[in-house]
Structures are given as C-alpha cells and as structure tokens.
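Presented below are the structures under discussion, each in the form of structure tokens.
The two complexes that follow have subunit A in common; it is paired with subunit B in the first and with subunit C in the second.
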Partner chain A sequence: MAITTTTSSAAPRGAAHARPAGRRPRSPYPAWFFLPAAIIYTIFFLVPTFASFYFSLTRWSLFEFEFIGLENFVQFFREPALVTGLVNTVVYGVVTSALKVVLGLLLGVLLTSQIIARGFLRSVVFFPVLVSTIGVGITFQVLMDPFGGPINEALAAVGITGPGWLTDPSLALLSVALVDVWKGVGLATVIYIAGIVSIPQEYFEAARVDGAGPLHQFRHVLLPLARPATVTVIILSLIGGLRSFDLIWAMTRGGPGFTSDVIASVIYKQYQAGFYGLSTAGNVLLFVLVTAIVLPLSRFLNRKEVEL
Partner chain B sequence: MRTATRYWLGTAAILAFAVVFIVPFLFILITAMKTQQEAGLLEFTWPTQIVLLDNLREALAARDFILIIAFINSTILTVSSVAIMVIMAAMVGFVLQRRPSRWSGYVNFLVLAGLIIPPAVVPTIWVLQGLGLFRTMPGLILVEVAYGLSFSILLFRAFIATVPRELDEAAIIDGAGPLRLFFRVIFPLLRPVAVTVVVVQSVVVFNDFTHPLYFLPGEQNATVQLTLYNFQSQYETQYNLLFTNILLITIPPLVMYLFFNRQIVAGMTAGAIKG
Partner chain C sequence: MRNQTSPRGRLRMIALAAGAVLALAGCSAGSLGSSGGGGGGVNLTWVLDSNASTMKAAESVAAAFKAQNPDITVDLESRPSGSEGDNIVKTRLATGDMPDLFLYNSGSLFQAIGPVQNLVPVTDEPWVGTLEENFKRVVTADGNVFGAPFGSQMTGAILYNKRIYAELGLQIPKTWSEFMANNAAVKAAGRVPVIQTYGDTYTSQLFVLGDFHNVAASEPDFAERYTAGQAKFATSPAALKGWQHLEELHDLGYYNEDFPTAKMEEGMRKLGDGEGVHYPMLTNGITTLAVASPEGAKDIGIFPIPGDDPAKNGLTVWSPSAVYIPKTTEGAQLDAAKKLQAFIASPAGCAAYAQGVRPNGPFAVDGCELPDDVLPAVRDFQSFVDASAFSPALEFLSPIKGPALEQITVEVGSGIRPAADGAALYDEDVRKQALQLGLPGWD
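Here is the complex of A and B:
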C-alpha cells in the first residue's frame, strides 16, 4: 500500500502565510472542494463504521436497542458454526491470496515472454475479472456438479472419479477458493506484467553475461525486482479474500452445514434472521481481522522493500 | 530451436488457456442455446436444436419483464453513482495534490481507510432508514459513491500530479476563480484518467451484488445481479433461461472490455499499485 504523495513543485506556502489578518485571499485550491465527497463519505461510511462499534454491544431490532455489553461476542465465540466462519475467512483469504501470487507470477512471466498470441492470451486471462461474480458462481456450481457435471464427466473420461466439489464438507470451501482464483488471477497477472515490464532489460543482460541460466535470472533478478508487484497482489487479494461474500453465497450458501461459511456470510445470515446486534458484531470482528492482518503485513512488506 | 520452443510453448499455452478460461464461457453460451430438457442434463454438448432466440424472449419476459426493469435500474444506478463519484473524486484529488496542508495527512488516511475497512452493513441500513433513503435508488447510489470514492481519488491524485501547475497559474492570472479553474481548465485535461475511473467503477457497480441485496431489497427494485439470484430460486430447473440471463448480463462488461481494453488494464494496475 505504498502511497507516494507526489508534489510536482513546491506549494506556494509563502502566500498562505502572508495573508492579512482580516481578509483571507481566495485560494485557487479551496478546501470546500473536499466538502461534497466528505459529506457522503462521512454519512454513508464513517458514521456506520463508528456506529457499528456501539451497536455490536446491543440487542438490536433497528428500532430499539438494549445495551448488553460483550454478550454478542461471547455468543459468537461460543457457537461452533460461527467460529468456523472465522477460521474459514482466514483460510479463504490466505489460500486465494497465495494461489494468486504464485499463478499470477507464473502467468505474468509467461505472458511477458516471446510467445505467440500473447495479446490474445492476456485478454483471455483478464476477462473473468470483469464478469459478474454471481454469474461465475452459478456457472461453476453447475460445472462442479458431482453427478454428471462437466468437470467430473471430463475426469471420468480419463478414469478419475471426481470428488463432490461443493457437497463434500472438507472440499467445499477450497472449491470456492479455486473459483475465486480462476476469476481473480487475471488482475494479479496484469499487475505482475506491469511490474515485470518495468524492470530494465540491462539487469537480465548483465545476469546472462555472468552466466546465469533462465532459472537463475528468475530467482535472482526477476523475483526481487518484481517485489512491489508481489506486495500489491498479496495485499489486494487478502483484502478481497477476507471480505469475500458473493461468490461463496452464489456457490454454497455457506454449506454443506456451515463448512464454507465465512464472516461475511455469517453477517448476512444473522441479518436475515433479524439478529442485527450479532450481525454487527460479525462486522466488527471482520474489521478487526482485516486490520490486524493487512496493516502489519503491509508495513512489514513495505519495510523490507526499502531495505532491499 | 528457439523459435521451435516458442511455438511449442505458445500452442500449449493457448490450449491450456482455452480449456481453463474459455470453456466456462462456452458452456454458458451453449446452455443458453438449448431447450429446457437438454439444458437440464448439464452436459457440455452441442445442442441438437438451437433455441437461443426463444430463450432470450422467454428470459426477458419472465416474471413481468423483471429483467428489463432490472436493466433499467442497473443503468440508473451505474450511471448516476459513477458520474457523482468521478466529479467528487476529481475535486478531492485536485485540492489534495495541489495544496498540501495540515489536512492532507488526515484525508490520505481516510482515503486508505476506505479501501481497507469492510463497510458495516446493518448500521448503514440504520443510517439510510434515518434519512428515509432505505430501499430507495438514491440511497443505494449514495452508498456506492461512498464506497467507490477512495479508489477514484487515488487515481485522480496520481494523475493530477502530471498536470503542470503553470496552467493553474495562467488561468488564475486570467481571472479564473476556483470553480472555473477546475471545471474549465483542469477537468478537461483529466480525460484519460476519468475514462479509466468511469470504466473500472462502472464494471464494479454494475456487477455489485452485495450492496443492492442489503440496501435495495424488493422485487421491483431488482438490479441485474439480483435477478440472477431471484431467477435461480424460482426456475430451479430452467437452466437454459438461467444461463441466458447470465449471458445477457455479461454483455455490458464485455462491450466495455472490447472498447476500453487498454484503459481498464492500465487503470486496474495503476490503482492497484498506488492503492
């Protein structure tokens, strides 16, 4: 999450300081330009976020609420189904993020090498990123059907008995994660392509002169120099993975049982059931989880980058 | 030898990509062309009878033309929220980049927070209800704007850094006030990045399922993503219509992609690396 505040030239600070006490000269960059965005952002994002800390401590029916302290959180951790959701969220985020890094890197290397139909292949990988998640979810739900679904039919044709991708409790979450990777790897690939293309060719030439083979070049030149792209892919896919809801909802509804529930689907289920306080407690937990994982990680990854 | 490897690798890649990335879309297309009985078998075979047009007609007409209503709703939602988002984000990006002040740190922090923090759902409903905007299109539009601002501001701010300050100064000397400076001089120059933001955010808002589900429930309010979900429960076995529906709602992003391929990719990467 490296934010580079680029200031093209020094701001005319002197002018601001020299203003006469009574009358403010009109700045060409008025602060009220922030206002419209700030109002919408505050009302529809900040207020609900802060309110969630309070409402997570209440029994709440939207119209009236009763302060009950930490009871929602206690209940959350006491119910195995809800704890499963917590664990699943972490598993899902880590698995999708890791696979996107590895596959995105490999595809990025492949699609920056001199192969035929490169432009076409780049487009093909990226297109699923733009397609409706729900549409993708439903399609793969059908493709992964254990009885006569095309994937298992294809596996049967080569003599493998396909598993019940979405019906086997131990597989359901991973199957959804795989589809998530299928849909999202295009973005990781594009980020890697941008990162790899920006590495000056001289580095590779120098390595080649020193007798480095393709594997050495990959390990010692490309990998370290594509590090900013790696950091971006990890952070982005973690944020996305930890919050993921629509794909899981479209494919399994958190089932079978609660085996593929994540926090976001728990939040929705509790909301549907009318447990607004509990649902909001789920939101707070998701907030804590995302912040606790993403902030230190991005700080750690970005610091390493500077040392390199 | 080297060219041979190149072709070999290329062919292998094309085959693998075809199986992994093209077959699912082909499956959508083929199922949408089948009759109900044949589609129900969920097989990856060429239809014996191509009834795509009938399916299109039927999918559109289903449940009192809900899909057409949904397309209208989604269009209103996407166009309005993206338009508001672009203008507001450009204004913030402009001042944020041009005038570093003691506020900049906080604003930057809030922009980042908007990218990282998962929105609190039920409290948002509570706020919407308090304002009388729950279950209304304006309510959902404003929520989408709030969620999309961060990403857009990052893109605009990075781009505005490349617009020379001399232009501002020239306009100011010519007597332009802030509004005129921004809307007449700067905003037209932001066209490339504005196109990127418009395209990327349109795809995001159009494909959004979660927020319409929470903030705009109800039959008549359905957006296209929700029709899919309604449709599935209603026509559990009518896979031909379900996939026709998927096909139809994939067309807008596909068209966007064909026209703005380069810009989408550039925008996604720029936003990703900056944010």
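Here is the complex of A and C:
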C-alpha cells in the first residue's frame, strides 16, 4: 500500500516515459499455465474458506457434525466474554494504531534529520520488529510482574508504587497495547522515513524562503505530504490491532478473568474447549468485522488523498 | 559453473544409491527380525502427556512389563497436556492416526472423545472386576468399559501445615465457621491464612470443585438434575457456597499478597515454609510440594473443604486418567496392547508405577497398596477413603464441565466479579457445553 500510493503521487514526472504508450502487450503464456497455481489456490485457500463458512453452521466434534443453522452465531453473541472482547478489540486496535501513528511520525522526523548516529538509532528503533512476539510477551510478563518485576522495582527505587500492570483489570489491556506499540512502532517509523524522504527538498526550501520556522514546515509541508504514509500506517496497524492475538495470549491469556479478552482470544478459547463449530462462527464474524471497519476506512482515507 | 555442478551431481548419485541400499537393507532386516524373533516381536507405541512424573512412571511400568513379556517392546511418545493435548488426541482419533495405546482423562473429557465410535471395549477382560467402582463408572460409555487406570486417585482438598497448626494450637476444622476461626488466628499470628496462585489459573477452581462433597451431602440429586439442566450453581444454595467462600476469603484479605501472579510451585513453597498455612489444591500437587519444599512436605496434611454439617465431613475425589486402545489397533498389536492394559491394572503394574513416582493417593485397583514412604498428606487421604467419607467430583458424575470455570473463579477470587454473578456466568458456560454434547433438556 505504502509503495503504490507514494509512487503514484510522484508519478506525473516519471510515468510518461517509463510506460510504453499503447495497449498492454499480450501475455506470452497460454491460459493453462495458470492452472497449477489455480489448483493449489483452490485446494488450499478457496476450499477451506468455504468449508469454514459451512462448518460455522454446524455443531462439530471432529468425529461428527450436525447442521444447526445460525445457532452458533446466536450462541456467540450470547457469549459473556464477547461483549468485553468486542470493546477490547476496538480499544486495542485504536490505541495501538493511534500511538503508532504519533510515535512513528515523530521518530520518522527525528531519524530523517541530521542527527548523530542516525543509522544506529534507526536500527535500534527497528530492532523490536525482528523479535518473536511470544518472546516479547513472555519477557514483558516478567518485567511487568508487580511483585519483584524489574519495572516496579525501578519505580520503587524512586519512591513510586508501581501498579499491577497485567493483574489490574483496568490496566491489563493497556499494558499489552503499550508493549505492542513498543514492538510495532519500528515498522511505522520505517514507513514514515520512506514517506518523508520521498518529499522533494524544494518544498522545504520554498517554505524556508517564505520564512517558515521548523514548526510551520512540519505542520504545513511535511504533514500533508506524508499523508500516504500516514494512511498506510493507520490501516496496517488497525488490521493488526483488530486481529491481534499472540501478544495478548502470551502476556495475560485474556486475564485476569476475561478483562483483557479480545475477539481472537475468545475464538481461541472456544476452539480449545472443543467447540469447533462455535469458534469457526467466531472466525467468520471476525472476518466480517475487520472487513467492515477497514474497507470503508481505507476508501475514505484514500479518497481524501485524491482531493488534496 | 561446470566445476560446481559436477561434484554436486555426483553427490546426489551417491546419496541416491546409499538411500536405495539402506532401504533394501531396512526391508530385509525388518522381515528377518519379525520371522526370526520367535512368537513375533511386537512394538507398541504408547502416547502420554509430557508431564515429567507421568513419563517417569510410564517408563518404570514399561520396563516392568518388558521384563514379563520379553517379546513386546513399548515405545513412549509424549504429547502436550491441557486443552492443546485434548485437541491432538481428538484429531488423531478422528484421522485414524492414534498409535496403539494412549493415556487420557476419565470422566467428562473421556465422554467427549467419542468412546463408542473410537475405542476398543474391554468389558469382558478379567481385570475389570478388580477396578474401584467409581473408576469403572467414569470409563464406561453405553454399558461398556474402555480404560485401565494409570496412576493414583486425587482429591481436591485443603493442604495445611501441621507444624503451624501445632504452634498455634489449632484443631482440624469440620465446619466452615471453624475454618474461618482458624484463619483469623493464623492472620493474627502474622501468617497468610489461605494461599491462592492465579498465575496457574486452574488452581483457582478448588473452592468450587473441591466443595462438591458438601453439595452432594445436602442435595444428593444435584449431579443428576444438573446434567438434565434443572439444577444451577447460581440458584442452588449448596452449590453457590463454594463461590461465596472464594469471595469471602478475598474480601477479608486472607490471600497472599502476590496471589494474582504466583504459580503453583510458589504456593507449595509458601505452604512448606509455613509462610502460608492453608492451600486448597489437588493432591497431584504433592509431587511439586516434595520438590519445592522437601523438608516442609513432611509437615503437610490434608483435610476436606469444610461444609455446614460436621457429621458429613468428607473428601471430593478425582479418578485417575486411563489407558485406552483406539479401534485402529488390530491383530498382534491389539493382543499386545491388551496385555499391557491388563498389566497396568494389576498390583504388579501399581508397584511398577510406584517405583517410578511416589503415588499421591490410593490406587483405583483392588489389591494395590501404597508404598511405605508416601508423604503424610497421602496417608490422610487414604484414611478418608478407608472410612468411605468421600464423593466423586462432579465431573465424574456428569458429562458437563464448563470450560471457562477457571477464568470465572479467578475473577471471583480477585474481587472483579461478585460470587452470585460468577455462578450465573458459569451456568451459562455449562449450558454451552451441554448443547455441544447434545444432551436432552437444554434447548
């Protein structure tokens, strides 16, 4: 997404000679060349997808299944953890996405300016992206332990009583979201760096000649021209946030109780309990939810961009 | 280029040739082995959960069995425990990929693996007559018995520190109010009255599950009505008590400070050291106790979770897991697997088990004796069983156990959700499980 939108905004100059004028040349390959790919795609992607839509309408014990219509969906909406899960999913998606945009933008600006050890700092920011999510989750579970965990020990050393990061029901989800941001902000930063670097220097020079200070340049030149990057970061991190599971599962398992459950962890618990039809129904719902939020949002953000 | 490809090509040729030779050799060696072994050497594969003590016990049993049956070799294969393991067992059964024997739960989880469709019945085997009555019932489906008990029975009870009890001059409580009086005295002495360890969420369920003997004492038909969808935790005064106890102890501040994150091992250490005095737990935790606090373990005893009526004081007992044979095992494999099953359910099998791991409770086979070196808590357990002061746990009387119980008990025990609310939420969870099992009376 990032690449296509950024290049398309810079396209008018390069496109004219890059693309040969006229019709698209005919593909040199006959249609049956696509057959193997089509078969693999059908067997491994289309069939399971449609099978899962079907199995979401059954009560299914792995040994036998019984068609029960929409009962699974009714049951899923009766699920007490679902309401918390739904709210938590949206909160988690919005919080992580917003923080990644803000921090990613600030870090992007910082890391494209002339500072000492820029390359080193860039790799430091990007490093957490490379680490396994489960590893990060377990590490932070230890760090955030309210009884003898390093974070609260450090706070205690300066006279602050640290909260139960992962055990306080009102904090658990936000603590996980913060770790998610720590881990994911590197990717947002890289997208922003790419976006900012692709802004032609002439705009900044022109703004400087007109007497714009750094704040004005940021507000009126950088921010609007880095918009494609912003859209990409928002959409990618929102999708990631809405279907996030691994980090939450590693850190709290949806707990204490159900307080940090998200839809994906509710679905996983149904699967664990052997309610295969029910958890498949949950997956169908998650698919619908993510599509319903992200598709219109993506349309909206991209249309605004054209109007600019 | 050419220099690089030619050695690689030659290597490939050599590898192919070697592979062919090995395959041929493997074939002939195999056929020689089975014809020359005399009576046919059989290799059995037995799947167990990866728990260290289970594996140790199984190794010991397999070795003793091999000594009696030199032509049968038993290979152990581990699988994860918990619900991940459940799914592996179900998947392997459903795809016909389950090896010759496997260890799995008895009771409600056993009903969910489709025993009649998937397992070999053993009803007519002579050893079935020596099984403990409760155990026989929890591995029975449609009138057929399917499993041999592996390991000892468990109880969900209160493990307590006898040394501190003696120091403070306390008596074993027979009723809940006596228990609360003891807790107050323990708190006054500057120790933790009740240990809770929600870092291992399953340990939070004991006040509810272990209280079932008391529920059964005051409502003898509870299990039956519960299965039929008539009795509920939220509306049965006896069944609600366990939830209220959990909440009450939290509200009085009787739990250890780090209860939200402490794990079972830490709880056992606190108990052994006398830092905490009561720990409601399953007796399979005694193995951990012996490791976490080897000295302290000698001071630990158990008593049942107290109820209202001192005359009906008794334990809630869990039956051991069982070894089953899937229907896919046939011929010589099946005969050998049945032999192993019979061995496991015999006094010699119990003895071999006890040689691998110290048992944490009585065996479920007539004629099996506990070794002399078991911990005092296990002796206490045996004495209740000998006096017949016990009931099977609810999950062995009913096929329904809601999967979210541990999360709900964590919420009630942490003060996030009131007891009555938690019980009602659990009833909803139970309903879901009953629908999944297709039980009558739930639609």
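Note that the second predicted complex is superposed on the first by the 271 of 308 C-alpha atoms of A that agree within 3 Å, B and C clash if a C-alpha of one lies under 4 Å from a C-alpha of the other, contacts with A are read in each partner's own complex, and residues count from 1 in each chain.
Note that in this section a contact is a pair of C-beta atoms (placed from the backbone, for glycine too) under 8 Å apart; a residue touches a chain by one contact, two chains touch by 3 or more.
Predicted model, so just to flag it, every value in this text is computed and none were measured.
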Combined model on subunit A: subunit C and subunit B, fit or clash: fit
In the overlay, answer first, second, both or neither for which of subunit B and subunit C A:V129 touches. first
Name the contact category of A:A31: first (subunit B only), second (subunit C only), both, or neither. first
Going by the contact rule set out at the top, does A:T49 touch subunit B (first), subunit C (second), both, or neither? first
Should A:S61 be classified as contacting the first partner (subunit B), the second (subunit C), both, or neither? second
Is A:I115 touching anything from subunit B or subunit C once the two structures are fitted on A? First, second, both or neither. first
Under the stated touch criterion, which partner chain does A:F73 make contact with: subunit B (first), subunit C (second), both, or neither? neither
Report for A:F218: first if it touches subunit B alone, second if subunit C alone, otherwise both or neither. neither
Using the superposition on chain A described above, determine whether A:T280 touches subunit B (first), subunit C (second), both, or neither. first
Just checking: does A:F204 make contact with subunit B only, subunit C only, both, or neither of them? Give me first, second, both or neither. neither
Per-residue contact with subunit A, leading partner among subunit C and subunit B: B
Measuring by CA atoms in the overlay, how small does the subunit B-subunit C distance get, in Å? 5
Interface residues of subunit A shared between complexes with subunit B and subunit C: 62, 145, 271
Help me check something: in the complex, which residues belonging to subunit C touch subunit A? 83-84, 86-87, 90-91, 93-94, 112, 114, 117-118, 198, 201, 257-258, 260-262, 403-404, 407-408, 410-411, 414, 416-417, 425, 428, 432-433, 435-436, 438
Show me the residue ranges of subunit A that touch subunit C in the complex, using the header's touch definition. 59, 61-64, 66, 75, 78, 80-81, 145-147, 164, 166-167, 169, 253-259, 269, 271-275, 278
If we count contacts the way the header does, which residues on subunit B are in touch with subunit A in the complex? 6-7, 9-11, 13-14, 17, 20-22, 24-25, 27-28, 31, 41-44, 84, 88-89, 91-92, 94-101, 103-104, 107-108, 110, 112, 114-129, 131, 142-143, 145-147, 149, 153-154, 158, 161-162, 164-165, 168, 172, 176-178, 181-182, 203, 207, 209-210, 213-214, 224-225, 228-229, 232, 239, 242-243, 246, 249-250, 253-254, 256-257, 261, 264-265, 268-269, 272-275
Report the residues of subunit A in contact with subunit B in the complex, numbered from low to high. 1-9, 11, 26-31, 33-34, 36-37, 40-41, 43-49, 51-52, 55, 60, 62, 110, 113-117, 120-136, 138-140, 142-143, 145, 148-150, 153-154, 182, 187, 190-191, 193-194, 228-229, 232, 236, 239, 242-243, 245-246, 249-250, 264, 267-268, 271, 276, 279-280, 283-284, 286-287, 290-291, 294-295
